[in-house]
Amino acid sequence: MEVMILMKDQVAKLYDELSGEYNFFAPVKEKGYVAYRKISNPKEIELNYFNSKIPPKEILFPQMEVLFEFKTDGKNVIEIEDRKDLDEKNILFGIRPCDAHSFDLLEKFFAFGDFQDEIFLKKRENSLIIGIGCNSPKSTCFCTSVEGHPFQKDDMDIFLVDLGDKYLVEGISDKGNNLIQQLSWLSKASKADTIKAKELAKKAEDLITTKLDLTNTSQILESNFGNEIWKEVSENCLGCGSCTFLCPTCTCFDVIDENDQYENRGRRIRIWDTCQFCLYTLHTSGHNPRDNNIERCRNRILHKFSYYPLNYDLIGCVGCGRCIQVCPVNNDLRTIINKINNIKPKEEENVSV
Amino acid sequence: MGDIESENQNIENKIKELARNLLREKEVDVIIGYKKGTVPLSSSPVFITREEDVDKLLWNNLCYVNLANYLAPRIPTLYDEEGQKLKVGIVAKGCVGRALIHLAVENQINLENIKMIGISCNGIINRKRIEKEIGEKEILETSILGNNIIVKGRDFEKTFPFDEYMNELCKVCKVKSPPNVVDSCVGECLENPVIEDDFNDISDFESKTSEEKWAYIKDTLSACTRCYACREVCPMCYCNLCFVDQNKPIWFGKTTDFTDIFAFHFNRAMHLAGRCVACGACSSVCPMGIDLNIITRKLEKIVKERYNFTSGMDKETLPPMMSFSMDDNQEFMLEED
Amino acid sequence: MNEITSETEQMKISNDEWEPKILAFLCNWCSYAGADLAGVSRIQYPPNIRVVRVPCSGRINPYFIVKALIDGWDGVLVSGCHPGDCHYLTGNLVARRRFGILKDLLEFFGIESDRVSFMWASAAEGERFAVLVRKTTKLVKKLGPNKKFEKKW
Amino acid sequence: MSNPYIPMLTTVKNIVSENKVNDIKTLELEFKKEEDYNKFNYIPGQFAEISLIGKGECPIGIASSPTEEGSIQFTIKKMGTVTSEFQNCNIGDVVGVRGPFGNGWPIEEMKGKDIVVIGGGFAFSTLRSLVIYLLNEKHRKDYKKITVIYGNRDSGEVLYRNVLEEWKKYDDIEVVLTIDREEEEWKEKVGFVAPIVKEVGPSSNNAVAVVCGPPIMIKTTIAVLEDLNFNDEQILNSLEMRMKCGIGKCGRCNIGNKFVCIDGPVFSLAELKKLPNEY
């Protein structure tokens, strides 16, 4: 497929052409931060940004999502209404490679096993990701350590490279290529453009200074469930949910029923939940399998770096660095990983809890 | 004293010296302080048990977490192998001291096990404001130079006057060092402080109409993701089961619908009346950068004006919500015309 | 509470002029008896209040009031014994402190504090009870319907 | 693919109060749609997410056996928000059911073996399902000796009394009931479950022990079973965990990399020993 060029001032045109058919989600500036929102005016699009505060998973897996609605006769349910908006087509514009990769992880997770989460998967299927390379990754980024790259394009449908006043447009999937063909007004890219894009990719890679060695981490984690290190890494943790709520791969949710005050109807919704809250695992009997910070912190790390590799043969982290930036007590994931890697193998001791 | 930079150096040296002494004399088992954060505009609470680690401690105007939180009963980490409570030394700026004293008033901690390493806090940087003003550029390094905050990035450098970019609460703070009660404080502390405050900083907001206030509150709070970082970092939020988590009955929803967000923040504010020690940690840690400071100030103002109370100043005065008087003001009660 | 709500809703529909609905928490020992006295003395007061009897005004948790507002009540009224007359000696004094702070905070958050009223009325003050209910109804009516907390559906 | 969070609708056909305290009730549910019933193919030991729509949903083990055709049963103890609401249920009320979920008892692998069923208290519901299934004439020949040991705090707490009485009439099943303390008119055994198991002394030769009950009972009983030479593969356990979705998505029921809702709730002791002790 040929590589095309989209001028930055043509983004509005792109929006105009696609917004009829698609819900157009793009980064906008909101309350001082960047967020992905469904836009109604191309002027809202923020083109100059690192990454969003809340990951774009909130487009396909929003913090509060209706599972179904129901009508009652005052006491009993008489009718259940399924979601009807799942077939709407979405364009996710300006997604960074790490977040695009997170969609891949989320898809694997929601499709895993005998039961599929149709709500997520359908929306995912109807979404077209126009990703964009990271020209200047942040110091907290470590995507190259988790099999990613600031210019990784595998998980996108269309890949953009910011060349200053224009974007290099490359179709990746069939879906993406078809869309590019539809946009006949796109000009062709010159050789200089593609060379420049390559240079930018190299430059971006060099800018990533954080290198984590995750080759053995999952094995080390498997045999060190009861290690002393967990006390150390959870010592100053407060037990808030900022790391997990802002994590592009965290998927846990809670289910609640809501009733309309004035009409005989209601809905069952899911809201984000996090393993960092003590109520997350609390049984009605009062027993709590993960009763303190140590266990909860451990669960988060193990889930991403041990359970994900065991279950899906993938690392459950995309290296976006959001949790590092937002942790109120600066409990740095990079430090934790390094500490884990430094655990000395214990041969004589049988580790158990 | 000189500028902020040299003040910081003095404070830091003092912390290290006192901490080293406390550990050497075995007066405490563990020191809770701050260490350098791994990202700019941050610091990380640290637990130090060995004298040689004392050099990790620092003071850099980014020590925004209220360390008293680690002594509140919800986080039971400070026990030895036999389950005995450790004796704790704690780096205490004014608001940490106030929090400790207030927790003692509420019978949550025993000040006898605690040594405050009192310092005269020279203010905390409003990191959310700097982050917002820098915008979509990455901050790689921050430092204090003279009386300025220097923020450096890949291709920029910006100077912020410290006085202006302090936390709003620090600008009006009257309790820089911990009040000294039951001789639990080493280092700098206040003896019998008397607090006068005019609360001019929120009078602008108070003079707004209901609709304006509501619009502001709605705009500010609607970014909330209910991660509860504000609650978890608050030394006064030590309930085992917070009201938002209660499910028998379910008082308020857990969703991010504004009504539920409002219910959480309003009731939390209500619970902090006469208890909040104005440390500003909640605003400093909010991942969405929500500024809860005006609410904090209003709470202080209400209890000061109505009940002449300032939280965490001494061990004897009961907080307003734990006491009452026949002569309380009741101008708000409905009366016949 | 839902049943009461729908009843008031019906009342609203049948009346052209908008009438506020006010949730009234009355203490068992004074104000409830006061309301009773107003009734048996045939003193008229507006039918806008819906009464919940509580053992003491000190029983009123601020949650009750916030939840009532969130659930769409236009106003909340709490009435207890006069200071010094509390059946439990000091319950109303404890309550008074809460009410003061609650009122100030509501105003600060931009919710018209007139929506929430507190009053004292003894068992012998049927007349006073009626007058104050009239007053609070007037205050709430002036503010109009409580629409701040409508959930997005 | 369909929305996995939408429950099938059933109506309450019958309600039985199971104990003297009246906080455990067995609901018999009948599917509103025939097709839903046909889809609901389960084996003993599986669970379902049942809900009073508008109040909430909770995971409950299926107490009926697939051999009891026409309806399904759940035994619900008043514990939390939703289970308390279930206590106020009336005949004819609508209950949402999603399921069946979980692996259930390994009825195929249990074939040709002696089955020792050990239950304590309220956790007997999926064991009821299992025993009824085993006793069914179609399946009885596949299994050898069946021993049921069922302990309770007091005689008022014994569930499924009618069914138990019926079992006692059979000669191919040994039913041992026990309560913690002596009571007048109680003619069965007295004592905790573990010593009773020891007393009954089932042979571990070609046998499977199924243990369900409160944690302390499980712990003591497993010790006894090990004394009786049951190995870890021969001891089966059904775990409880907080759950929301039942289909491995909501995250909270994990023990290590396993989810109780899809990999469990039935685990052999051997499997459990490989997992971290987070349950």
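Per-chain numbering from 1; labels A, B, C and D assigned in written order.
Going forward, contacts are C-beta pairs under 8 Å (C-beta built on N, C-alpha and C of every residue); 3 or more make two chains touch, one makes a residue touch a chain.
No experiment lies behind these values; they were computed from the predicted model shown.
Considering the contact criterion stated above, the chains in touch with chain A and with chain D alike are B.
One simple way to say how far apart two chains are is to compare their mean CA positions; for chain C and chain D this gives 50 Å. A straight line joining the Cα centres of chain A and chain C is 48 Å long. We define each chain's centre as the mean of its Cα atoms; on that basis chain A and chain B are separated by 32 Å.
Those residues of chain B in touch with two or more other chains are numbered 257. Shared interface positions of chain D, defined as residues touching 2 or more other chains, are 80.
In chain C, the residues touching two or more other chains are 151. Checking each pair of chains for touch leaves A-B, A-C, A-D, B-C, B-D.
Interface of chain A with chain D (complex): residues 67-68, 70, 72, 75-78, 80, 82-83, 109-110, 112-119, 121-122, 225, 251-257, 259, 266, 268, 270, 273, 275, 280-285, 287, 289-290, 295, 299, 302-303, 306-307, 310-311, 352-353. Residue ranges on chain C touching chain B, taken from their complex, read 62-63, 66-67, 70, 83-84, 90, 93-94, 96-105, 107-113, 117-120, 128, 131-132, 135-136, 148-152.
Those residues of chain D whose C-beta lies close enough to touch chain B in the complex are 80-81, 84.
Here chain A touches chain C in the complex through residues 258, 260-262, going by the rule given at the top. Residues of chain C touching chain A in their complex: 2, 5-6, 9, 71-72, 151, 153.
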